[in-house]
Every structure is written in C-alpha cells, then in structure tokens.
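Okay, so subunit A shows up in both of these, paired with subunit B first and subunit C after.
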Partner chain A sequence: MRVSALGCTAVTALLLLAATACGGREENGAAATATGACQGQQTTGITATGIKLGGIYPLSGPASAYGDIPKGIKAYFDYVNAEKNGIGGRKVEFVVRDDGYQPPKAVEEARRLVEQEQVFALFQTLGTPSTTATWDYTNQRKVPQVFVATGASVWGSDKAHPWTIGWQPNYISEARVYAQYLKEERPDAKVAVLYQNDDFGDDLLGGFKKAIEGSGIQVVAEQSYEVSDPSVDPQMRNLAQSDADVLLNVTTPKFGSQALAADARNTGWNPLHIVNNVAASITVLQPVGFENVQGVVSSTYYKDPNDPKWASDPEMTLYKAKMGQYAPDADPSIPYHAFGWAVASSFHKAMEAAKCPTREGLRDSMRNLQNVQVDMLLPGVTMNTGADDGFPIESMQLMEFKGERWELFGDVIDTRQEFGPVGE
Partner chain B sequence: MSGSTEVTSKAASAETPGRGRAPGRAATVRWRWIVAALLLAAACYAPFQLVPFHVFQLSMVLVYAVALLGLNLLVGHAGQISLGHGAFFAVGAYTAAILLQRVELPYPLTLPVAAAVAFVLGLALGLPAMRLRGLYLALVTLAIAIFLVPLLKRFEPLTGGSMGLTLAKPAPPAWTGLAEDQWLYFLALAVAVAAFLLAHSLLRSRVGRALHAIRDNEAAAEVMGVRLSFYKTLAFAWSAMFAGAAGCVYTWVIGFVSPDSFVVTLSITLLAGLVVGGLGSFSGPILGGLFVMFVPGIAQDVNDAAPGVIFGLLIIAVMYVAPTGLAGLAGRVTRSIQKILRKE
Partner chain C sequence: MVGFLQQIVEGLGAGAIYASLALALVLIYRFTGIVNFAQGEMAMFATYIAWQFTAAGVPFWLALVLTLALSFVGGMLIERVVIRPVEGAPELTVVIVTVGLFIFVNAAAGWIWTFLIKDFPNPFPAGAFEAGGLHVGYSTLGILAVVGLVMGLLYLLFQHTRIGLGMRAVAANPESARLVGIRVGWTLALGWGLAATVGAVSGILVAPLLFLEPNMMGGVLIYAFAAATLGGFDSPVGAVAGGLIVGVAETLAGAYVGFVGSDLKVGVPLVIILGVLLLRPQGLFGRAVVERA
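Right, the complex of A and B next:
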C-alpha cells in the first residue's frame, strides 16, 4: 500500500518533470531596449517621463541608524520631482527595501527590485557584506549598482564588475589623507594604531602603511579589536606603552568613543589623536565630553549641517528648507540625511550626463565623471572617474575639534594627485 | 433533551476510532500520500510558471524547510530546546563554501560532507544535552550561536574573515535545458524530499518512538528501557545534520557566505518559524519555511518604518489564533467542519 503510493508519487513527479523540462522556460519577452542612436541598450525601468530606482538599506537590526540615509535621498527626489520636473523630465520613483544588514536578505531584495519591481538601477546598497552578496548578481544581469554606501576599496579596484561603483572616499584614500598630513606636520612621527579587525580596518591600516613608505613616519605599535569585544581599554593600555606621538584611531562609533575616553583618562600619554571619519560624528564625541577631545583630528568630504560655516551656504539653506518641506519628520541636522541628499544629487548629475537614457548609458556615465561639482560636497571636492579609476570621490579635507564642533583646516587634499591611483 | 443527544454523539465519536481504527487510519495515510504527491507535482511544475525571483524565493523556502525539519526533530519530537540552530546551519554553509572555494570539490560532494560535519558537531554538542534541561540547555545552545560569528571572523585564510566567501553557483547541466535558478530549485527540492523521507522513516522507527517517549515523560521512558542520554545526543546530532544539509544548499543557492549571514537572530527566527509552522507536525517545517521567507517581506509592505514590529505582532497574532501552529490550524478547522457535518 505504502509502496504503491510512493510509486505513484514518483511516477507523477517524473512524468510532470519530463513534460515540462523538455521545453525549458519560455523566454518571457525580450527585455526592453532602446532604438535610434542607443539601439539595443536596456531601457528597463526608464520611460520618457519616469525612472524607477531601488535602494537596499538596513531599516531594522543592529545597523538601523543608517536607515536615515534613504530619508535624505527621498526628500531630494521629491523636491526634484515637484520643483525641477524630475531628472531631465523624468520623475524619479525610489523604492526602498530593508535587508536588516543581512546578506541573504540583500540578495532576495536585490532580486525583488530587479525582477519584480523592474527598477532601472540599484541606487545604493549599504554595507560591505550586503554589497558583496549582490554585486555578482547585478553584474550578471547588467543592472547598474550605483554609488554603493560603503568605503571598501574593492568597488573601485575590481575590474570584473563594471556595473558596480562606490561613491564616498574609500578607506585607502582616507588613510592617505592622514599620511599626507603627518608627512607635512610631523615628518618623523611614531604612530600607534588601533584598528577593527575586518576588511574596513585592514583597508585603512594597509593604505596608511603603504602611504608612509619611504617617509620618516613609522608605525611603532598596532592593536586590533573585534566588533564583538566589550571594550578596547586593554588595547589602549598596550598602545600607551609604545611611546608613540600619534594615535591613529581606526574604529566604528562605539569603539571610537571608548578609545577617545581612554586617551583622555591617560594623562601620562598625550599623542596627537586622529580619529577616522566613520567615528567622527558629534554623537561619538559627546559622551566623551567636548573638553576631552579638543585638538582631535579627522577628515571629511561633505558639508556638516551643524557647522555654522555653512549656515548661509545656498545648498545648505536649500537642503534645510526642502527637508522641512518633504521630510518634516526627519531632523535635518543629522549628517546621514545630508549624506543622502549629497549622494542623490550626485546621481542626478551622473544621470543627466548620460549620453543614452539606458542602463548602459548610466554605466558609462558613472565611469566617466569629469570634475563633477556636487554642491553638498565640500568646495574643492569633485567627482572624477575614468577608465582606470573607479573611485568617484578621492579628496578630503582635514578638520580639528575646537570648542563644540569640528573646524575645517588646510586645503582639500586630492589623494589621487598626491599618491596616484589606488592600486590593488 | 439536547444534553442527552450530545452525550450519545460524544460516546459515538469516542467509539468510532476504537472500532474502525485500522481502515480509518489506512484511509488517512492514503490521503496523506495523495496530498504529498500533489504537492510534489505542484512543486515540480511551479518553476516553469514563475519568474526567476519567485523561483529563488521558493528555493529559499525549501532550504528553511529542511533546517526546520531538523529543528522539529529536536524540539517537536524530542522535546529539547535549541536556540543555536543557526550555528549548525552556518557550519553546513561554511563547510560547503570552504570545500568549493579552497578544495574545489565538485558541488554534489559538498552535501554529504557538510551534513557529516554538522552531524559530528551536533553529536559533540549533544553531550551537554544529556545533563542539562530546559532553560539551561537553551542557554548553552544560545551561547553556540553567539560565539560562532566572531569565530568565523578569526580564521581569515580559511573563512575569508568578515568579507566572507563568494562562490560560483552550480551550473545546470546542458541536457536539462534548465535556467540556473530552476536548476538550483530542483537541487533544493531533491534535498528537501530526501530529507522529508529520511525524517519520516526515522520517526516511524524505534528512534522516533523513543524520542516521543522522552518528550512525553522522561522517567517513564527510562523505565521502559529508553537510554535517555543516547537518544538525546542522537536527536541533537540528527537535527544538526539536517541543518547542515540545509546550510549546504543555502550556499549553492546564494553563492555567498559571510559571518553576518548567520547572526543570533537567524537561530531565533528559525525557532519562531517552527513554532508558528507547527511543532511536531509533518507540514510544520514547510509552513514555517514559508513564514520565515515571506512574512518579513509582507511586514515591510505593511509598514516600512518598523518591519520588525509588524513581524513580531504577526507572530503573536498567529500564536493566538493557532496555538498549535499553522499546521494545527488546518487540523482544527477540519475537525470543526467535521463536527458540524456530523451534527447535521
């Protein structure tokens, strides 16, 4: 009885398989393509009046603070749609999906956006793991994955994924900015490094070591920590014994504050404290006490909404007004919103510059940016890419903490000019 | 008047199963096989009708179903709690990934190895299960899930560190004429069917009866000659093996592993999925897999500001409506329909 039932199951399954497998899947209509000068190029998700973009962000889970970025982007696109007639007459529809910072979820959402929502491009995936998990897929499908929100250097140095490109300065470029600063200010500095033991820390530390090669600067001590560690105090104690005169603090926010606090407590060791951009937000410094972080150095590339220097800046005034209008629940002083605004207007520029309104057109445009000025970026920071340069932003400006805020100093450092292209 | 009729109907219904057990049971068994055959036929037919994205989603449902099948063996049938099943899943996934990447083993061979590694690990971790009960055991398994993530980040030459490993997906053989997503789906389906048959025969054997006895009453089971420690450890190992096999198929389907794919929430989501699907039932893992796969997405469609809250509320709602899980819900509904029919 049981055997025959089993047999029935098997036979039915096999028959069905045979019946259906012979044909394979019917091609569900050729993908939409352009005609005329851009003939044969993909036009999925873009029409004469609209363009559909998809973004994947951690709206939930441990990294949900980054969930503020799409709010800034949405506000920008809403403003452009309502007041500027969209990008070149095309109204932007921006679909945001949540991956909870989990790579398998990011893969699912990428497929949902590309296959079901039929988006024109993925405009930002956030985080190195989620982007690594999805970029094989997007490149296989030839879908642009524009301005991913992660600073890993691999997005620019990799040659096999032409459809994926980063945006913010990569960690190697950032390391070069600090190296350049030390070369000028402290040519024989002894540097102690605290770094996070992952690709982010490796990129920054590796970039720094390479940038100081041949100079009088040397790394005399390095200590790593894991994201799961409760505290970096032991590492800081070890570093204090190195007698270094510069401390390079390569950390994410929570550990950044701990290291700053540990440095403030130790009155016997007073190195020049350089904290990387990731951990340089005011919210990191506040718990340490502003009086304890005076003179700390970091670097940045876009305008800080809290900096009174930009109070009368036309772009900043516009940003604050439009955020109030199109995203009334969001606090415009949160830098993530300004980041979203800046990256959205970068996309606007790249899309406008595209010769063809197609996926191929966007790919070629984002890989051929010539001194593109984005008003939310610092004056002097422009976007440049080319055939052998996959890094849009490679310039940063140093800043020093004074009083209750960061103060920019020196000129914008163009690391491409100083060090040449970021190699493998 | 009405009271006496109720009594007689109750007596009748109580009598029926006793008298007509053999034919009645055979009928349900036959029905079950027919339903299973129909489901399988539908499962074989689906990938030819759906877009690749949905085929991919169904493949993931099958992956979760296999993992939940293992968890069901442990939680539903043996009555032990595991909050660390995501770890076994991760071990299977990483074993397959490392074999594919570093050893360059052909992908079908990674399945038995991944299952075996997870089995051995489950056997080793089953040892505390012999001594610990309830919450204490749950805490030990939770610790496993927590410590695995930093561990995977440590051995960078082997595991790729926090960047993880990117792998080529198994390519469909030319003779099948299938697309990649369809081929992956059929691989997942084959593993799922094999896993279900294995679990089915396991539960019908001595082992299954011993596990049920342990779940229902440990002391009584021991008196009847069931070696508690042996069967508890074995339950752990079997269930880890299923999770490991699921992890291996996961690696095939996603083509990428990283420590962030296997955080503690995965273990908890799996357990929640199983409880929602239906503990100790046979369709529970499938329903649980559907739940784990689709409900977070639905939750986000409802409100994309706080998908986690909606997901949690949905779990609570399901548990109120169907305390025995979705699998039990079907049974409850049919029973009440039968009752109504019988009354008429």
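Right, the complex of A and C next:
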C-alpha cells in the first residue's frame, strides 16, 4: 500500500514535470512573434535574411514519378537565391521529405518539419490522402500549408482549414472545362464515364454531371473501378455497349493506359475520348502507342516544355537555362519539373504580396491573390482568390493529341466565369 | 443472347489470366505444402527481365526462353537463400517470409525499373476471331491455349513421373520421404524453380493486357487465390477450372447483377473463397486430407 502510494506520487510528479516541460516549449514557440504593425503574429522559420520551407513528396514508392516536382522547385529557389537575392531579400531554404505516398508517414514528416526543422510553412504536400492526413495538424498549429499538389475541391470549399490552400485547377473545374467544350461542340452528346471509385473520381464525375445540367448532354453509362482491380477491360466493355459518342476517362495513370488501349482495340466503338489531366502525361500515352491515341482530348493550365509553341517563350527559355545550371541532372523536358517551377514562382508572388512577413501574413496573402500572372502558366491563366474563393487556378485550356504530343486549341476557359463558384 | 455469350467469352479471357497464376500457386503448394504470397511479384519481376531483354533488342521468343531459364534458377536460389533457413519452421513462419518477399520484390522492381508503366510486346496477333457477332480476341485464345498446355504438362509431371511422385511424398511427409532416399532439399528447390517458371509464363501472358508496372500482379494474385481455393489447392485441373469459373462469375455479376455492378465486382472472389471454405474446404477438384488416427 505504502509502496503503491509512493509510486503514485512519483508518477504524478513526473507527469507534472512533463506538463511544465511541454508548456515551456509551447511558450518558446509562441515567443517567436513579430513587432510593429504585425505585432503578435508568428515568425517561426522566417528572419530578415532567410525563409525556411518544408515539402512532403513521394520520393519512393508507387507514386515516385511525382518526386520530380521538388527538383523543379529547388532549381527555381536556387536561381532566385543566387541571382535575385531571394524573395524580398530572404534566401529560401527548401527542405524536402519523403512520405512514399503513405498518409501516416506524411503526418510524421509534417510534425518533424514543423517541430524540429521549425519551418515557416509547408510548401506543398502531394496527393489527396497525404494532404487530408496532415491538414488538421497544420491548421491546429496555425502553420500555412501552401499550394498543396492535389486537385480535390475540398481544399477550396472547406471553411474550417484557413491555413491550407490548393493551387492547380480542382477536379470540378476540370470537369466544367470538358462540359463547356461538349456544350459547344457536341450539344447533344451521349457520354460514357469510366471513373476511379474514390474521392477523386466522385469529385470529377459529380462536377461534370452538375455542369451539364440543363443542357442536351446526357451521361448514358458509368462504370467505376477500384485501384486494386487488375484491369478496367470489363468496365470498358460494358461502356462500349452504351453506344455513347463521348468517353470521359477519369483515371490514374495505369488505368488510363488500359482504358486508352481498350478503346483503341475496340474498332466497333469510336467515341470522342476525353482523358483527364491526371492521366494525360506522355508517359501514359506512350505505352499505348501514339498511333492509337490520335485525337484524344484533355486539358491543361501550364506550359508544356515539349511544345514547340513555347520554344522562344522567355519564361521557358529562362526555365531551361536555369534548370541546366541549377539542376543539371534533371531533364527539363519532363513536365513535372516545369510544374515545380510554376508553383515555386507562384509562391514567390504570394510571399512577395504578403503585408506582414509572418505566417498570418502568408495565410492572408494566399487568400487575396488578384489576377496574379505566373509566366509558366498558360497565357490567360492567372491566380485569383478571395474571402469566398479558395481556388487559385480555375482556368484551363483544351488540348488534342496530334502526332507525338499535345496541341492546345480553343481559348482558355475560365470556369468560374462560365459556371460560378465551385460548391454553390 | 450474343451479348450474354460475349460476356462469357470475356469472362473466360479474364479467368485464363487468373488460372495462369493459380497454376503456379498450385505447383508450389504441391511441392512444398505452403502458399506463396510472393508468387505474383516473382512473376512480375520475371516479366521485367523479359521486358529488359526485348528492350535491348533480343527477339521475343529468345527473350522468353532466357527469362524462363533465369526464372527457374532464380526460384531455386530464393528457396536456397530465403526459404531454406526457415524450413521445418511452423507454416505461419514460412508464410510470413513469403509476405516479406512480396514486399521486397515489389520495392526492388520499383527501384530498378521505376513505377512508370511500360508496354510489353504481345506475342499473339491483334484483332479478333468473329463468329455470329461474337468477338473472340486472338490474345484470349492464345492465353487459353498456353494455360491449357501448362496445365497438361503439370498433370503429367504430377501423375506420371518419378519426380512428381517424390515431390508428393515430400509434401506429404518430408521425414519419411528422406528415409526412403528422396533428396528433400533438391525437391523443394525444384518446386520453387518450376513455380517461378510457371509464374513467369503468367506474367508474360498478362503484361501486354495490363501494362507492366510493379503492382501489375497485385490484383491478379487475389483472383488467383480465389481460383486455387475454388478448384482445390493441389489440383492443376482444378486451378484452371477455378480460374475460369471465377472470371466468368465476376464478369457476369458485374454486368448483370445490378447492385454488384463494377463497384462490388472485387467482392465476388471473396464470396467464392468463403463459400468454398464452408462447404467443400478441399475445393472442387482437390482431395480431402485424411489423417490416420
């Protein structure tokens, strides 16, 4: 009895100690605040001469192709640090961590970046699962989670996570682009949809259905698949029976290739094939054979380094030169590098526009972007956000596959202008 | 009616794919008495080797022969290096080792060849045989033919050769087998080598359809397990029949049973596994294990 009472006291004392230790640390964190006009705002990870950012990407594992993105970002920041004196005099340090596309690891890395590395902000987490896993944490800690690399519409429509914001066009906006195209070109299209049975597929298909409401376009068949399915051939077969004249292919890369190949094999059914941006990479089309994917339609929003149209474009020339200089091992023709370059220069603009060099300043700045032009984005695509608009990019341009590459056509479609805010 | 028959044909095509991997599962079970969870990944790895050969300009059929030979050696090596140390350990230990092998082989393939998808040359001509509005792809016919051939060879091996007899003895009772002069170690290694070879055939058959990437066989393995369970884990004929039944059942359920649709299609093999285990644990063609009291 005596012993256990003693034990209890010891445990209580230990707990108390731990609590005070934690409390002490918390206070230290809160002590890093700004003075003057920005009084009381957080300045962790930012000084007069430097700013520290953390990014989480799948550098290993099944999604490791996306691991090229931080190479483009690093090249951009290295260039800005060396030749432009950083962002407003602050040199950018960009710390990259690998989560292998596993949400639990993303949480662990987010904690390490915020608590040990003491980064100013998380600049990109990649993928909807990893971002969903981390955004409660970043918002509790009031750490900006800027321009996450996923197209889920929830980053913009959610009100409870003001510290997290997306960047690329969300899947609903993308669906609206295809709807707009069909309204103009095929006003009474019968559409068959193949989609991945998760939030990504639901977002795009739901957005598409909503966007065609009141028009002559109908969805006549839909088939979903699970990421664990060996093949989408059975789904494609069922869709072919619908005799639809448009096929909307909402898939991730492997299944995108399978669906494109199945469509090419079936000579009795020749719908207009629209493949979503996620599966529109050359690496998806090439295994199918370029001769089998002629005339396929998709959409994009940033400049493709392989498109001769941009050969003499000043930003593309700069990008290629600086990639050669600061990332000599990376191939600048890989679009993921250009994506990294574009998102890094977007961060540059958002950070520059911040009224206070604080976490709060960045949070407010990223929700107050007005017609911000980023030169790696397509001409006519700008960043716009506001108090009720959490979607930086909502414009895209259509492209058609011709020969061995994508060719842009038509005008840039501003989906907010055509369809109103997402989620209304 | 034509639509229904077409669905059956497509189901048989899918079933042939499952059957091809199920044959490898059955083979290794017959030899060693364990279920190899890494079978699909070993097949995938072998397919990458074949791809590497063809990418280097080796003609397809030569690449096939080289790959099968390498797979045989690789399978034996795996048995010697990875499985031998846990030989005689409880079955669960061996199963866990094969799960570890699964993860390792998958990661190794991703590390060597990246996770970008690759196209694999199709040994069968494109196009389809048509009769009365029914399309039967040449590649479906080709896969069915190859699976039938492998099944026949395995049947002969099991029933009509000394190796088959020895291997059955080893699987049934390793100690007694050793006492009557069977080289148990070599028999086990032979089993792994042959299973790896059959697996390689499976991977090479499916790669042109599914596209080659490290997770290619993951989905197939689930269906192959269902096929082997349904047909009986110790019967090559059962594995093929099981594969075809699973393929057809899955396709028909997806197309005609409204609430199943494509969403629940993957549940069909699970229901089959459960039903078979409840009603006839040894499978349709398997033999019940009888223990002497």
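One rule holds for everything that comes next: the second predicted complex is superposed on the first by the 393 of 424 C-alpha atoms of A that agree within 3 Å, B and C clash if a C-alpha of one lies under 4 Å from a C-alpha of the other, contacts with A are read in each partner's own complex, and residues count from 1 in each chain.
Keep this in mind: a residue touches a chain if its C-beta (ideal position, glycine included) is under 8 Å from a C-beta of that chain, and two chains touch if they have at least 3 such contacts.
Nothing here was measured: the structure is a model prediction, and the numbers come from that model.
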Partner chain(s) touched by A:Q325 [first = subunit B, second = subunit C, both, neither]: neither
Superposed model, subunit A: greater residue contact from subunit B or subunit C: B
Which superposed partner A:Q235 touches (first subunit B, second subunit C, both, neither): second
Touching partner for A:E115 - first (subunit B), second (subunit C), both, neither: first
Subunit B versus subunit C as contact partner of A:G61, first or second or both or neither: both
Which superposed partner A:D199 touches (first subunit B, second subunit C, both, neither): first
Subunit B versus subunit C as contact partner of A:N85, first or second or both or neither: neither
Which superposed partner A:S257 touches (first subunit B, second subunit C, both, neither): second
Touched partner set for A:T317, first subunit B, second subunit C, both or neither: neither
Touching partner for A:V284 - first (subunit B), second (subunit C), both, neither: second
Where subunit A meets both subunit C and subunit B, residue numbers: 60-61, 197, 226, 228
Of subunit A, residues touching subunit C in the complex: 60-65, 197, 223-226, 228-231, 233-235, 237-238, 241, 253-254, 257-258, 261, 265, 283-284, 286-289
Contact set on subunit C toward subunit A in their complex: 3, 6-7, 10, 14, 17, 110, 114-119, 126, 137, 206, 209-211, 213-216, 218-220, 222-223, 250-251, 254-255, 261-263, 265-266
Residue ranges of subunit B in contact with subunit A within the complex: 26, 29-30, 33-34, 36-37, 40-41, 44-45, 47-48, 51-53, 56-57, 60, 149-150, 153-154, 161-164, 166, 176-179, 182, 250, 254-256, 258, 260-261, 263, 265, 296-297, 300, 304-308
Touch list for subunit A against partner subunit B, complex: 1-2, 5-6, 8-9, 12-13, 16-17, 20-25, 28, 59-61, 96-98, 100-105, 107-108, 111-112, 114-116, 128-129, 132-133, 136, 197-199, 226-228
